[in-house]
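See structure below.
For clarity, chains are labelled A, B and C in written order, and residue numbers in each chain start from 1.
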Amino acid sequence: MGMIRVHDLSHRYGRLQVLDALGLEIERGRCTAILGPNGAGKTTLVKCILGLVRPDSGRITIDGERVGDDPEYRRRIGYMPQIARYPENLTAREIIQMIRDLRGNPDDTDESLIHDLRVEGELDKPFRTLSGGNRQKVSAVLAFLFRPGILFLDEPTAGLDPVTSSVLKDRVKQERDAGRTIVLTSHVMSEVEELADTVVYLLDGRIHFEESVAELIGTSGEMNLERAIARRITARVVA
Amino acid sequence: MNTLKIARYQLRDVMRSRWVLLYGIFFLLMTDALFRFGGSGERVLLSLMNVVLIAIPLVAIVLGTMYLYGSREFTELLLTQPVRRRSLFLGLFAGLALPMSVAFVLGTGLPFWAHGGLAGGTGSSLLLLLGTGVGLTLIFASLAFLIALSTEDRIRGLGISLGVWVFFTVVFNGLVMLAIYMLADYPMEKPVLALSLLNPVDLGRILLLLSFDISALMGFTGAVFRRFFGSGLGQGVAIAAMAAWVVIPFALGLRSFHRKNF
Amino acid sequence: MSRERPRRARTFAAMTVVGIALLLLALAPRPEGTALELPGSEAAASARATAATQAPTGHDTATPHQSHEGHAPATPSRPETFTGTEHVVGRGERLERISDALEVAEAGDRIRVRGGHYREGPLTIDRSIELIGEGWPVLDGEGEHSILTVTANDVRIQGFILRDSGFSHIRDHAAITVEESRGCRIEHNRLENNFFGIYLARAHDCLVRHNDIRSSATREATSGNGIHLWDVDRVQVEDNHITGHRDGIYLEFAQGAVIRSNRSEGNLRYGLHFMFSNESFYVNNVFARNGAGVAVMYSRDVIMSRNQFLDNWGTSAYGLLVKDVQDSLIEENLFRGNTVAIHSEGSDRLTFRLNRLERNGWAVKILANSQDNYFTANNFIDNTFDVITNSRQNPNTFDANYWSQYRGYDLEGDGTGDLAHRPVRLFSFIVETKPVALILLRSFFVDILEVAERVLPILTPETLTDENPLMIEVPGGEPWA
C-alpha cells in the first residue's frame, strides 16, 4: 500500500513548462519531502497525482493502478492543501459530514485530531468567520479523518501556532511509523529534517536531486538540512 | 448518487445566501402585482413574457458565472475526494438550476393559482411560459458555466456573461433587422425563421407569441410563421432547437470541466 | 487569487444588475406632453349630428328585437283582415302543383302549400299574392334554375325550404328573386345550398326577415351572396342568419336600408358588403369569421351601431373596412380578435365613439387620405398595435379614449392622464414597410427602438396624440349583446 510511480510526466501552463518529463518513485511507508524554489512544479506534481491537474503527457500509478478517470484511488488519499478554501456559507461540521457522506459513511474514522487540535468550538461556525489557522486545522482533520494510506501535506504548518504545529508534527510521525506513505512540501527545513526520510528537490520541472535526509546531512558535513541542501545546490551550480 | 449528495449540499449553500429566495420573491411580487393592476390571466402572461425573456437569461448567466467562481473552493475540495468529475459537474449544475427553476415556477405559478388565473385557455399558455423560463434558465446557466470554466479572471468572466446576454437579447435582433433591410429584395420569411432557431431567447419569444398574439400574426408574414411553428414539423424543429440549446452548452461545459486543471 | 477580487467581481455584478434594472424602468413608455388643437372635432361633431338625425324609418323600427338565437322560423301569424280567396296546394288536394295555383290565383289571394317536395322548374309570381308554406314544403331548384321569381308588388313568401338553385356564370340564379316591384315580405324561410339566396333588384320597401340562409361555398368565383340587394330603397333586413355564401349581405345602391340583428358568419368574402348605399343604418348585427370582414364603401350618412365584428382573421382580413365613406357614425360596436379591426381609407368626417376594440392585431389602420375623423370614448384594449397610419401628418383627431397601453398617471385626479398618449408605435411602421420584421414583435431590441423614437420621433406622426387619455375604461356594459 502506498507506492507512487511517476513516469515521464510533462505539463505546461501556456508557455511555462511546469513539469518536464519528470520521473519519480515514492516508496511506501516513508515520508518524502518534495522541495524546490517557487515555480519549480511541486504543487503541480501533487495536483497531478491527486487528479486536480490533467497532465499533458506521462503516467502516474498508485500501487500499480493507473491514475485516470476512475476516482476510486482517492479513497486511499488524504490531502491537506496549502491554502484551505471552503464554501463560505457551510460549517466545518457540514463539510466533514458531507465528505463522510460522499465516502459512504465509513465507521472507522479517526476524529482524534478534532480534540488534539482543539477545533471543537469552531465546528459549527460558517467558514467565512474562521481564521486562517482554524481553517488549516479543519484541513488537517479532514486529511487524517479516513485513515488514508497516503497523505499529501502541502505546507502543513504554515500559519499554525507552535503548539498546534507540534501536535500536528507528532501526528505525522505517528502515521509514518504506522507505515503510511507521506508526501510533504514545506519551506521550513527544520520541519522537513524532523519529519522526512527522503528529499526530492525539483528545479524547472525536473528532479534536481533525490536523496535521503541522513545521507544529505552526512555527506555535506553541514549542521542541518537547510545548509546541506544549500551547499548541495550551489555545488551543482558551480560544477 | 454522489450527484444528488453534492446537489443537496450545494443547495443548502445557495439557500443560505438568500438570492434564490429574492429571485422567487421577485417573481411572486411581480406576478401578484400584475394580477392586482392588470387583471386577466392572459394579460398577466403577456407582461410576464417580457420579464421572462429578459430577466431570466440575465440572472441565470450573471449569477451562474458568479456561482461557479464562488464554488471554486468547493470544487477543489471535492476533486480530492473519490468523486467523479461528471457527478461533481452535475451536482454543481443542479445546485444552481434547480433552485432557480423552482423559485421561478413557484414565484410565477402560485399567484396564478391564488388569483384563479388558470381559467380559460391560459393554463396551457402558462405551462408554455414556465417551460420556456425553465429552458432559458438551463441554457443560460450552462452558458455561464462554460464562460466561468474558460476564464480564470472573474471580472472578465462577468464581462463576457453580460456580453453574451446583450448579444442574445438585443444585438442579435438588431442584426436580424439589419438583414431584413439590407436583403429587402429577397423573400426573407424562411431565412428569418432559420435565424430565430439560432437564438434561444427568440425561440422562446416566438413560441410564446404564437400562443398569445394570434391576431397580429395572421397577416401574410405572420401566417408563414404561424404555419411553420403551428405545424407538427415546425413544432418539432422548435422543440429540437430548444433542446439542442439546452444540451450543447451543457455538454461543452461538461467537457471543459472534465479537462480543466484546478 | 486574492480575496479582494471576488468581492470586486460581486460588486461589479451587482452594479450591472442594478444598472440594467434602471434601464428596464426607463423603457416604460413615457409619453411626452405637447399642446395640440383639435382640428377634426368640430367637423366630427357635425357628422354626429347629421348621423343622429338619420334615425331610421320603416315598418317597425321602434319594436325591440329579441336575440336571434336558434334560427328555426317560428310559426308565422297571419294578418287578421284577410279578404281574398285561399288556394291549397298539396298531394291529394285539388291543386297538386304550385304553378297551377299561381295560374288561378288573383291579386289579393293566398296560396297555402302543404308539406311535400315540389320540383316544378322556375316559378314566377306576377300578381300580388301570399305564398305560404305549411309544414315546410320543399321547393327544389334541382341545381338547375332559379326557384321563385317575384315581379308583382306586395308579394309575401313564407314558410318554405328553398334548396339547390342552379349555378350559372351568366345568370344570377337565386332561391328567391324579386324584380322591379314594391312591398315584398320574405319571412321565415330556410334556404339551403343555393347559388344566390334572396336577390332583390329594383325592389323597394321590402322586408326580409327571420330567414335561415346556408350554403357551403368553397370558391368565391362559383358562389353567390346570401342576401343580395341591388338598387333598392328602404329595405329592411332583420334577424336573418347567413352562412357559407360569398358575401353574407350585399347592398349596392340601397338607399335608406335598415340592417338589423342579423348574424352573418363564415362567409367566403364579406359578412356585409355595402356600396353606394346612403342614409342606411345597421345595428345589432354579428359579423364573425368571414373571409375579409365587413366592407362599407362609397356611401355617406351611414350609422353603424352595436354590431359585433369578431374573429376575422386572415391575410387581409379586417373587422370593418370603410372606404370613401363620409359623414357617418360608428358607435358602440365591439371589435374583437380581428387582424385589423377598423381600416379607414379615403373616408372623411366619421365619428367613432364608444366602441370597444379588444385583442386585435391592429385596432385602427387609418390612411392619411382619411380626414377629419373623430375618435372619442373608445376602449382600446390589449391590441398588438392600437393605431397605425401611413404618414407623419395627422388630419384626424383622437381625444379622450381609453388605451390599455397608456402608462401615464393622473396626479390632477380629473380622470384623464396628465401626459398625452401616442398610440402609434415605431414598430408598426417598420412592420408596415417590412412585414417580415413582425418576427421581432415584443423583442427587447424593438422596445429599445421605441424608447429612442419617443425621445426623438423621426417616423411616427408627432401630432397623432390623445391629449386626454382616460385612466379607466369607458363604462357601458355590452350594448351590442
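Going forward, contacts are C-beta pairs under 8 Å (C-beta built on N, C-alpha and C of every residue); 3 or more make two chains touch, one makes a residue touch a chain.
All figures in this text were calculated on a predicted structure; none of them were measured in a lab.
Any chain bridging subunit B and subunit C, meaning touching each of them, is missing here; the list is empty. The most central chain, judged by C-alpha centres against the centre of all protein C-alpha atoms, is B. Chain centres computed from CA atoms place C at the largest separation from subunit A.
Centroid to centroid, with C-alpha atoms defining each point, subunit A and subunit B lie 43 Å apart.
Annotation: 86 Å between the Cα-based centres of subunit A and subunit C.
For subunit B, the set of residues touching two or more other chains reads 70. Touching two or more other chains at once is no residue of subunit C.
Residues of subunit A that touch subunit B in their complex: 13, 47, 50-54, 69, 71-75, 77, 79, 81, 85-90, 94-95, 98-99, 101-103. Listed in rising order, the residues of subunit C touching subunit B in the complex are 1, 5-6, 8-10, 12-13, 16-17, 20, 24, 313-317, 337-339, 359-362, 382-385, 430, 434-448.
Those residues of subunit B that touch subunit C in the complex are listed here as 42-43, 46, 49-50, 53-54, 58-59, 62-63, 65-66, 69-70, 152, 154-155, 157-158, 162, 169-174, 176-177, 180-181, 184, 188-189, 192-193, 196, 202, 205-206, 209, 213-223, 225. Subunit B meets subunit A in the complex at residues 2, 5-6, 9, 12-13, 16-17, 70-74, 76-85, 259-262.
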